[in-house]
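What follows is a pair of complexes built around chain A, which joins chain B in one and chain C in the other.
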Partner chain A sequence: MAKYLLQRIVYMILTLFIVASVTFFLMKLIPGTPFNSAEKLTPQQLHIMQEKYGLNDPVPIQYVHYIANLVKGDLGVSFQFDNTPVTKLLQIRIGPSAVLGIQAMILGALIGIVLGVVAALKQNTWVDYGSTFIAVVGKSIPSFIFAGLLQYYLGVKLGWFPVMFWKGPEYTIMPTIALAMFPISITARFMRTEMVEVLGTEYITLAKAKGASYWQISVKHALRNALIPVVTVLGPLAVGLMTGSLVIENIFGIPGIGEQFVKAIMVNDYPVIMGTNILFAALFVVIILVVDILYGIIDPRIRISGGKS
Partner chain B sequence: MLNKETAISKDMFAPAHIDPSKSEKISKPSLNFWQDSWLRVKKNKGAVLSLVIIVIVIFLAFVGPLLTPYKFDTQNTKNNNLPPRIQGLENIHWLPFDGTLKRKNGTEYNPYEIREVKEYYWFGTDGLGRDLFARLWKGTQISLFIAFMAALVDMLIGVTYGAISGYLGGRVDSVMQRIVEIIVGIPNLIVVVLMILVLKPGIVPIIIAIALTGWTSMARVVRAQVLKFKNQEFVLAAKTLGASNGSIIFKHMIPNMFGVIIINTMFSIPNAIFFEAFLSFIGLGLQEPNASLGTLVNDGYHSMIAFPYQMIIPSIMIALIMVCFNLVADGLRDAFDPKMRD
Partner chain C sequence: MEKILQIKDLNISFHTFAGEVKAIRGVSFDLFKGETLAIVGESGSGKSVTTKSIMRLLPEHNSEIKGGQVLFDGKDLTKLSDKQMQKIRGKDISMIFQDPMTSLNPTMKIGNQIMEPLIKHQNMSKGAARERAVELLRLVGIPKPEIRVDQYPHQFSGGMRQRVVIAIALACNPKVLIADEPTTALDVTIQAQILELMKDLQKKIDTSIIFITHDLGVVANVADRVAVMYGGKIVEVGTADEIFYNPKHPYTWGLISSMPDMETNDEELYSIPGTPPDLLDPPKGDAFAPRNPYVMKIDLEQEPPFFKVSDTHYAATWLLHPDAPKVEPPEAVKRRQSQFPGVKVGK
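Showing the complex of A and B:
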């Protein structure tokens, strides 16, 4: 276990290092300057500005500086927000993103599990087909399209929920629903497959034979065993939520990390782009690792050994 | 009960005649892999319907722009923001093709009559007066092109990488697999966004960016298949007969894994459509006057409250294409999966 963990952590650090390096060098390749109305600046002014941000040093030296700062947890300062440190910007912004992500995850997992279980218990009835249909549609339709339609029909036409911005709990409802569509469909499909498989096992037959009630069989025997592998979809779900949040936050005008990332792209704010990238990558690898470890703890049949995961 | 049993007398039964020469006869017609798969795909009504819709959409993507007298990039600011109006359907009020719009206070008005426009724009016009019917099909055409090309490049890279990694094995395999593990560890989104920032938005950069991130799952699947086939008799026989590594991989192994390759490709098409639309939505999509489904939704989104049709029509199109491709891919997976054989 210790050896496995160590190996995984080494890979994690290596991955993050590669992400940081690739991001850095790609940023250097991007044409254009991060300064507003650069054409109005005289060459001297431009030179002074670049000097200030260390953009005149040779690229390898900038790279070494960058990585050294990164190790210390310093992601540089933003070009667009008056030299605010990127870490501080991210700290301010992570709140709404986290609230939204966690709400969507919980809502999605709950509805998904219910849909999947009901579909498996009522196999090949209209309940099953309906649940499969929801899963296919939820997986297929991009979240931002769904968000746009929600905004138009529920927000503008019916006026049930506030259309956008982030001023209170009721403002989180529509973005959460839009973001939860993906987790709902993924968990529902996965849950159905697992549940069908578990319902066909011998211990369910045994439970039936000893006269356990329908509910006891479904909940106590089948559901508990079917839930274990669902942990494995948490990784892909988290990634889907991150991708989704980028556009959802923009659509609903939520002051989160995704919204800032898109703004930073528009104005070539390199440090913010790099910082957000590294944050996303770090979250991603940590989530994958945690999921793998959790899986090993929950299900003792899965053995984590040195070689394969 | 008893009466019925006694009513069946013994002489009603006769031993069946068994012809020993026919015991090995194959009663069902022999089918090759494709016929067999097609039979099973046909049973899945959702997949067949989706396939038909996809064919129609692809057909219209090429023919659609020719059906209207307007070109997708001709601007006519006099006729901007007109709602959809179709000859014949305009008098049926509950259809959204009557050429009317709603004001904020709920009253309806007909911009065609107010502005004395004689033309019929089937799906309306956008803010620059471009015909949205032509733009929709042009956009569909470009989105599908991007998706197919990206899936094709994905397939080529993935199959080659996976086959080499699995076939050579040993140290080469473990190095190649470590590389894949690291690439999988990087969220696709980051790579795609960075690639577009560097290469500037356009059809080719979008294809490259999507393809660069999507090939890993194909590589893994193909590697697993190659490992499975590597020690099977037909490969050993080919080796004994002196076939080169290349011809063993491409002539003997790859044809045996067409099923998984096709399934994987089918899943990467909707994925590519999603990423293209996603990029358009965060402002890294195609440049004007070109249109893709993503840019159309994005453009329409900005005038959603006043002119909802500009967003809703392309949104429905993306949703339709994505659902259909996913259903076909699901159907194919069920058809090709040998575990499901009855």
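Showing the complex of A and C:
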């Protein structure tokens, strides 16, 4: 296991290096400079500014500098936020996004799994159709519509929750619900399909033939086997949620990372773009590792082959 | 002989998009204590449906027991509630399935799968159930059961898995064991081992077995009595000797002629022409009539009743009617009849 983990970590670092390199060169293809918008600089001033940040060097030289700093853990300083180090900017911004993402993920996965399992157990009844309806609605209606509806009804009309901003746990409830609609529908559909398939297998019939009760069959025998493919979908979905939803963060005025990311791209704030992207990639590879380890816990067949490698 | 299970005039239908499939049309048979009854017939003849219905394992959403009784221990199993049925499944009646590669839960340890019925039906503690599981594994011939009990199904070969399934089925010493083609998915040498094991265990725990198969070689090996099914009905029933050496129904003749024996020369092996009947719209009269080389006019008009051949042997064919013309059975059957009742098959 230790050897397997070590191997995986080496691959992860390699992946991150490739992501950083590709992003760097792609970013350099964006036209313009960080200093071309509102400042009304003379060409001379612009040249001085660019010289200061090393932007007049040839791209390969810039790349080597960047990677060298990256290895030291230095992501550079932001152009737009008064030379604040990017690491510090990310630290401030990742908190709200992560809290929101993790909450939405847990809520989404739990409700989705329950909906999917119930739909499969009550196949072709109104319960099943109801679950399908919720899933279709959740998937096809964009999250900002839910956000608006929640703000209007639960926030303004009923006054149950604060309409926006990020000042405490009660402020997280509505954005979490709005953001969870998508994972709910995805999980519910996957769970139902898998569950229906598992319930039709011979080992479920054998469990029935042993005298197992409905509850034992559904939970002990079927659920675990049906969860295996669902975990695959949930992993990448979790990253997407944790790294923030620009729309939801904007609507609810949450100082999250998604909002900052888009702003950085608009003004060519190269170090922030790079830093955020590398953070996303890092989260992604870590989540994939977690998913792979989860597989092993759920499915003994994968555990054995994983142990050998 | 004590009757342990009685099936009386069982009718089962499946509701499909095309209409109602009358899969079982008036099946009756008895199972005696300690015997092995083989049910043979081609695919779709209703063997599995009959036995699954005994345990009420048919899918609830599209199958329906239209009539008849399954009498066990003074109770009609078709009338029991789900809860009552759960108490019988795995305890009094248990089942072995066809494909050992798919009939064990891949994410559950073998031991836990064997312990389940023990804990459920015999109120054993986890520790006691585990000990019994090891004992059962040893009984079905799995080496190093103390280690194997903590392993998962994918660490077992097909034959070993079927032994585990047998161990699960026998965990609570059931009165009736239903084996639904238990050797079909296994290769021939493993087949023989599994059959030996089943015969051996049957003697030890004195259970009655219903053995479903389409392999007449297997039937000869295990069965005391044989019921031949065709088109959702039993067409002939008798002791193994009677069915093998003195069959009366033309369908049984066809089955036996299509089985190679020591005397089969290089002549082409017989096969029954035509296809099984469409049970969406079961034929009037004898369902086998369109494929029957000895067909008579009455076969197409009226269903034949059972004619008694001996106290244990009955066949549903108009050929046994006193007014029917005498016909010559096929060569292979005649060869066998000449040996009856000199040679014994089965046990």
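FYI, the second predicted complex is superposed on the first by the 255 of 309 C-alpha atoms of A that agree within 3 Å, B and C clash if a C-alpha of one lies under 4 Å from a C-alpha of the other, contacts with A are read in each partner's own complex, and residues count from 1 in each chain.
Here is the rule we go by: a contact is a pair of C-beta atoms (placed from the backbone, for glycine too) under 8 Å apart; a residue touches a chain by one contact, two chains touch by 3 or more.
Given the structure is predicted, the values throughout are model-derived calculations rather than measurements.
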(Q) Between chain B and chain C, whom does A:F280 touch in the aligned arrangement: first, second, both, or neither? (A) first
Q: In the overlay, answer first, second, both or neither for which of chain B and chain C A:I18 touches.
A: first
Q: Classify the contacts of A:S213 with the two partner chains as first (chain B alone), second (chain C alone), both, or neither.
A: second
Q) Of the two partner chains, chain B (first) and chain C (second), which one does A:V247 touch, if any: first, second, both, or neither? A) first
**Q.** Which superposed partner A:I145 touches (first chain B, second chain C, both, neither)
**A.** first
Q. When both complexes are superposed, which of chain B and chain C contacts more residues belonging to chain A?
A. B
Q: Could you tell me which stretches of chain A are touched by chain B in one complex and by chain C in the other?
A: none
**Q.** Of chain B, residues touching chain A in the complex
**A.** 181-182, 185-190, 193-195, 197-198, 200, 270, 274, 277-278, 281-284, 297, 301, 304-305, 308, 311-312, 315, 318-319, 322-323, 325-327, 330
(Q) Taking the touch rule as given, give the residues of chain A at its contact with chain C in the complex, in rising order. (A) 123-124, 201-203, 205-214, 216, 220-221, 224-225, 298-301, 304
Q | chain A-touching residues of chain C, taken from the complex the two chains share | A | 55, 57, 61, 82, 86-91, 94-95, 97-99, 102-108, 116-117, 120-121, 152, 154-155, 165, 168-169
Q. Which residues of chain A touch chain B in the complex?
A. 11-12, 14-15, 18-19, 22-23, 26-27, 29-31, 136-137, 139-142, 144-145, 148-149, 151-152, 156, 239, 242-243, 246-247, 250-251, 262, 265-266, 273, 277, 280-281, 284-285, 288
